[in-house]
Amino acid sequence: MRKLKNVLLLCLTLAMVTGLATQATPADPIKIAFVDPLSGPFAATGENGLNQFKYAAEAINKSGGMLGRQLEIVGFDNKVSPQESLIQLKKVIGDGIPFVFQGNSSGVAHAISDAVQKHNERNAGNRVLYLNYSAVDPALTNDKCHFWHFRFDAEADMKMAALTDVIAANKNIKKMYIIGQDYSFGKAVADGAVAMLGKKRPDVQIVGNELHPIGKVKDFSPYVQKIVASGADAVITGNWGADMVALAKAANDGGLKVPFYTYYAASDGVTAAIGAAGVDRIRLVHESHPGNPNAPKALSEYITGYRKLHPQNDVNQPRIHTALNMLALAVKKAGTVDVDKVAAALEGMEYTNLSGDQVIMRRQDHQLQMPIYISVHTNKNIQHDLDASGFGLSLESKVDRDKATQPTTCKMQRPS
Amino acid sequence: MEQIVLFSILNGLVFGMLLFMLSSGLTLIFGMMGVLNFAHASFYMLGAYFAYTLASRVGFWPALVLAPVLVGLLGALVERHGLRRVHRFGHVAELIFTFGVAIVIEELVQLVWGRPAKSYQVPAALDFPLFHLFGSAFPAYKAFMLLVSVAIFVFIFAILTRTRAGLIIQASLTHPGMVAMLGHNVPRVFMIVFGIGCALAAVAGVIAGPVLGTFPGMAQVLGSVVFVVVVVGGLGSLSGAFVASLLIGTLQTFAVALNVSVGNVLMAVGVPAAASAALHDVWKVTVAQVAPILPYLLLVLVLMIRPTGLFGTRET
Amino acid sequence: MTPAIELSGVFKAFGNTSIIRGVNLTIEPGTRQALIGPNGAGKSTLFNLITGKYPVSSGRIRLKGQDVTGLRPSEINRRGLSRSFQVTNIFPRMSVFENIRCGVLWSLGYRYSFRHRVDAAHDATERTEKVLEQLNLAARRHVPAGVLSYAEQRALEIGITIAGGADVILLDEPTAGMSHSETEHVVQLIREVTQGKTLLMVEHDMSVVFDLADRIAVLVYGEVIAHDTPERIRADPRVQEAYLGVPQGVA
Amino acid sequence: MKAADAPTAARRLAVADVGRAGVLRGYGVWLTAAVVLIVLPWVVRTGAAVPIMNQMGIAIVFALSFNMLLGQGGMLSFGHAVYFGLGGFLAAHALNLAGRGTLYLPVPLLPLVGGLGGLAFAALFGTFSTSRAGTVFSMVSLAVAELMAASSLIFDRFFGGEEGITTNRAKAPLLLGLEFTRDRQVYYLIAFWVLLAAIAMYAFSRTPIGRMANAVRDNPERAEFVGYSQRWVRYISFCAAGFFAGIAGGLFALNYEILTAENMGLNASGVVLLMTFIGGIGSFVGPILGAIVFTFLQSMLSDYTGIWLLYLGILFLATVLFVPIGMAGVLMLHAPAWRARRVGRLAGPYLVAGVCGLVAAVGVIGLLEMLHALVAADTPSGVRRLFWTAVSLRSVLPWLVFTGLAAAGALGLRWAGPRAAAAFADANRAGAGR
């Protein structure tokens, strides 16, 4: 009995230590939370994102910071787990940080968005703003939209609209094969492709629409065989990470020469791993100029500066620069870090990004409107390569902002 | 259609033989020591990473020999200084220990080689399509994989049936405890067997790394399937492991190749179409989508019908 | 009177090797009987068949008139048969007290209950205490069974066997590996705890066998070649040839 | 470390069954626990303390339920999170139904829904997975976990795909006017359930079936010959463990208002094994201790290092190799000396060994962190702050220093370990006199 009491006392002490360790220290700089994976399989992606945030913040600090205060990016490791993200969010709130950036995984984004909305509704005096720089599930700015969420990446449907525009213009493509990971994003890509291709090019035959389990496929050769057998002229895939690399390699081994239209087949080791297997085969749809050829001067300098600091990593998300600068402008405009006022200032804001494009934060659903780029994986004429591999992306086509824009079902509720 | 069937058979064979290389080591270890080595796939991963590093220094071919030797030595060390310690606490403790080893190896690999996938490439000498058939290519490297795994299979078979050591191993597979009676130094035999088992896994890693990818999650992707193979085949049975490897290898490739939905299958076996509303989620799923979970279904099924596995004789 | 155990035409083969070859044996209730035979005769196998550890290849086994062929060991135990093992077979990480109590619980009707508290089950505690007294292990009640001395573990083994109050008891070499004085003590214990019950034991120590048994069955190469009173067994030429002819002290 | 290095059979067995009658007898312990739980949020008032305590509470119930299998039943499951997750999903759906008014379910009863869900699925999957013990049981649990992980992507409507199922506890009907919108209110609800579940699980271990679970763990064959079917005993324990895992899942749904497939994934199952084992599987308090310490480390270490999982893995491996009785086991080992008031004698030798261990740990951590900083290439300056000093990765000196510290600490441990062990033996000998 006494033993158990001692154990309980020990727990009590431990808990007190816990409390002390998490004690927030009052700080002068404006803190901005970065909640993304900093350990585990996706740590490389998270670390690189964090470094890009720090790099962008440094530039803002050099030109005076926000409201005369310096920015400080604080990393929180969410291990790409929804549960862990919520714990980290509690820490963020406990530390009194008003702004939260997150991007990796739509599942996590939904969890955070939902939690932020509930928290803000329940705690009017202590709100936080969720700034989504990378999670592209359309639902976040449609059915699940709310006042305290802003998205700075192009959502999946915008990218698909651009992609199908390009495909529609290519008369050589008669048969299309769609393959993706069996989860919400993979399905969204497949559904979007079928719907939009059906509208823009009804003559294109969908010869395959395949979902495979995410992260479980050991060998993609059987899938490649099916693609070959279907006689497809092109492939659309939302695959990322190891699934993307393995698919590209299997396609190369199986002698499949058709173009692959992808969302995430670049950087964070993927470009290097695909290497020669992807040349002139892999195409990527993204929200910024790829840096080759003839990158806009601002972007080129930005990339060069970053590569000096981090020789192995890439500026794979120039939207981070956009997001942080737009936040800084909104704070300046609101004259305060009060979340509701900053959010109001962000609505409808216009901004010229590193690619020289005029982007606008749509008031209706908080989705940033921007042009979309499509590039090809190659090692020819590459000024800014990726993964220091000699391979990089080269611009093929650009779809204008008003062509890429998508309607929204969002009915925004604003706090009165 | 012929193209799909032919290539499915080939790919199934390649994958099945790869599974056998892993499961044979696992079976040897289990058969002799009663230990199910949870970290077995981790040694497979180490094989791939060692080979990746060695290949860039001394070339692929020396790496093919060196990496398994190194991993085998490492395995022997793990047995000598880890497994032997927990042996007296029983098989569950040993399983827990190897589970811990798997975690630590995965983390150490990330620490040493970093988290992103490594671009461990097929050696240039084998980087060409062996033949084209029906508009599709069969890479030479896959033929090489098949060759290596068949060679290993023949090698194991020869050792087991033609040498004294093999006879002892065979005897101890069916009658554990017998080695001790024959007056052998049991701890040393265990250490050697464990090392060899790990080396076999490493060979699989060396040759599979360029095709299946060399990344920190590669052990987890293959690990569970290998356990399924040895349990389905029957714990401790080498022939069982062989049959189960090929069965699961071809099962998975063929399931992917088939454009059939679960609903079609259910209707074919007589489930009325009216059930489709109630089972909507399952109904629309294709067999290809569930391909990777088929081994686990097979495991559950086999254990319900024949608890010792297909070829197993031992209760554990 | 219904026999306690009745074997008719029991065969058992492992692969191609027949171990038990047509055993017919009837054990009358309330008697103490011994099963003897040279090493490898199949005594332990026969025990394992009777108690349901192995399935028979053919033949029938009846316990107190009920057919128990093919039942699981637990089901046979519930019908009033309990056994001990040649190699000590106890619950090593549980205390001596708990070991005995495990033997008691089912027979008192606690079965798989999760509504009772074992510590409040006074009947189980009383019965356990009584058995501990009989075994002379009361002072060791809190010691984990795995650290008992060999003789104590053998006593505990018998204790678990008789704790449930089964009226048919099978003991497999209860005195194996014991010193002379320990053996004497165990014989005394067996006599005491099997009072009024049916006992069938495998035993190598002939003095124990002739001391305890009312009747003796002789098993040679999987067949019962004789089953009779000790005096007649001693005089039986077939037994002398097959069994007593071999050097003494095989135990 | 050396004390447990070569545990004699006697010592190991002596602590193996510390859950025996008497240790937790009486209500005093539970009352103390209740008081501690009530006072805790008023003592620790900072930052994320309450959310972390909520997490610990959920982990405690989960780890205790896991130990019903591993510690008490000898069944090593690699898929226990399946029942946690399924219970949680059912609870989340139930809460959504309650929010829509389809179902009358006050929030405080939610964990019960989770428990019943866990129980139902354990009863289903248990039919084939408990037919055998040991290695095969483990492998089947792994297969079930893989099956469920894959199914979670197929059965979209139930599992909600990648986003999972979100819910809102503020929309369900109130019971006695209790609202659960603030963390602290949720804390008390969780604390109540943790206490209730812990009492119930302790009581279960003292029932006939609970005791027979131990017997089957020790010797399944013998259990058969005293009338118990080993399969049934395992099956019932398995169902009970599933029930309490489901309660933990229900608490999770209540606290986080979201469930995703990862909650029932292989990693979640692995984590509960880690925390339970580190805490100690031989006693009832072991999993509690493990859940608290592990949760604390898990959420705190990641603030300081990217390789926290490596440290936890090493901690786990060290526990398996050197202290298989876990933290609780080590504490229990010192109970006789404590009772005999001779713990004081241990302070000196333990302090010396502790300092040596600390030096070794600093050395090893330093080396690992420098390696990590180099490989991860996130330190362009080549300078990393370690142990409150700036360390240059490209110079040889810090590598030498850390290697030296590690070696010195290890050598020191070789010297101090046996002395600490001797002191321990001495204190126990004296204690044995009573």
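Each chain gets a letter, A, B, C and D, in the order it is written, and its residues are counted from 1.
The definition used in the following text is that a contact is a pair of C-beta atoms (placed from the backbone, for glycine too) under 8 Å apart; a residue touches a chain by one contact, two chains touch by 3 or more.
Since we're looking at a predicted model, the values are computed, not measured.
Traced through touching neighbours, the fewest hops from subunit A to subunit B number 1. Looking at subunit B and subunit C, the chains in contact with each of them are D.
Averaged C-alpha coordinates give centres for subunit A and subunit C that are 72 Å from one another. Separating the CA-averaged centres of subunit C and subunit D is a span of 43 Å.
Measuring from the averaged C-alpha position of subunit B to that of subunit D gives a distance of 31 Å. Once the centre of each chain is set as its mean CA position, subunit A and subunit D turn out to be 34 Å apart. Along subunit B, residues 114-115, 289-290, 292-293 each make contact with two or more other chains. Contact of a single residue of subunit C with at least two other chains is seen at no position. Multi-chain contact residues, meaning those touching two or more other chains, occur in subunit A at positions 40, 43-44, 182, 213, 216.
Inter-chain contacts, as defined above, occur between A-B, A-D, B-D, C-D.
On the subunit A side of its complex with subunit B, the touching residues are 40-44, 182, 210-213, 215-219, 221-226, 228-229, 242, 245-246, 249, 253-256, 268-270, 272-273, 275, 387, 389. Within the complex formed with subunit A, the subunit B residues making contact are 1, 3-4, 7-8, 11, 14-15, 114-119, 121, 129, 132, 134-137, 139, 141-142, 211-213, 215-217, 221-222, 225, 252-253, 256-257, 259, 286, 288-293. By the touch rule above, subunit D contacts subunit C in their complex via residues 9-10, 13-14, 16-17, 20-21, 25, 203-204, 206-212, 214-215, 217-219, 221-230, 232-233, 236, 240. Residues 51, 53, 72-75, 77-78, 82-83, 85, 89-95, 98, 101-103, 105-107, 110-119, 121, 142, 144, 146-147, 160-161, 163-164 of subunit C are the ones touching subunit D in the complex.
By the touch criterion given at the top, residues 23-26, 28-29, 32-33, 36, 40, 43-49, 51-53, 55-56, 150, 153-154, 161-164, 166, 168, 170, 181-183, 252, 256-258, 260, 262-263, 285, 288-289, 292-293, 296, 299-300, 302-303, 305-309, 328, 331-332, 335, 338, 376-378, 380 of subunit D touch subunit A in their complex.
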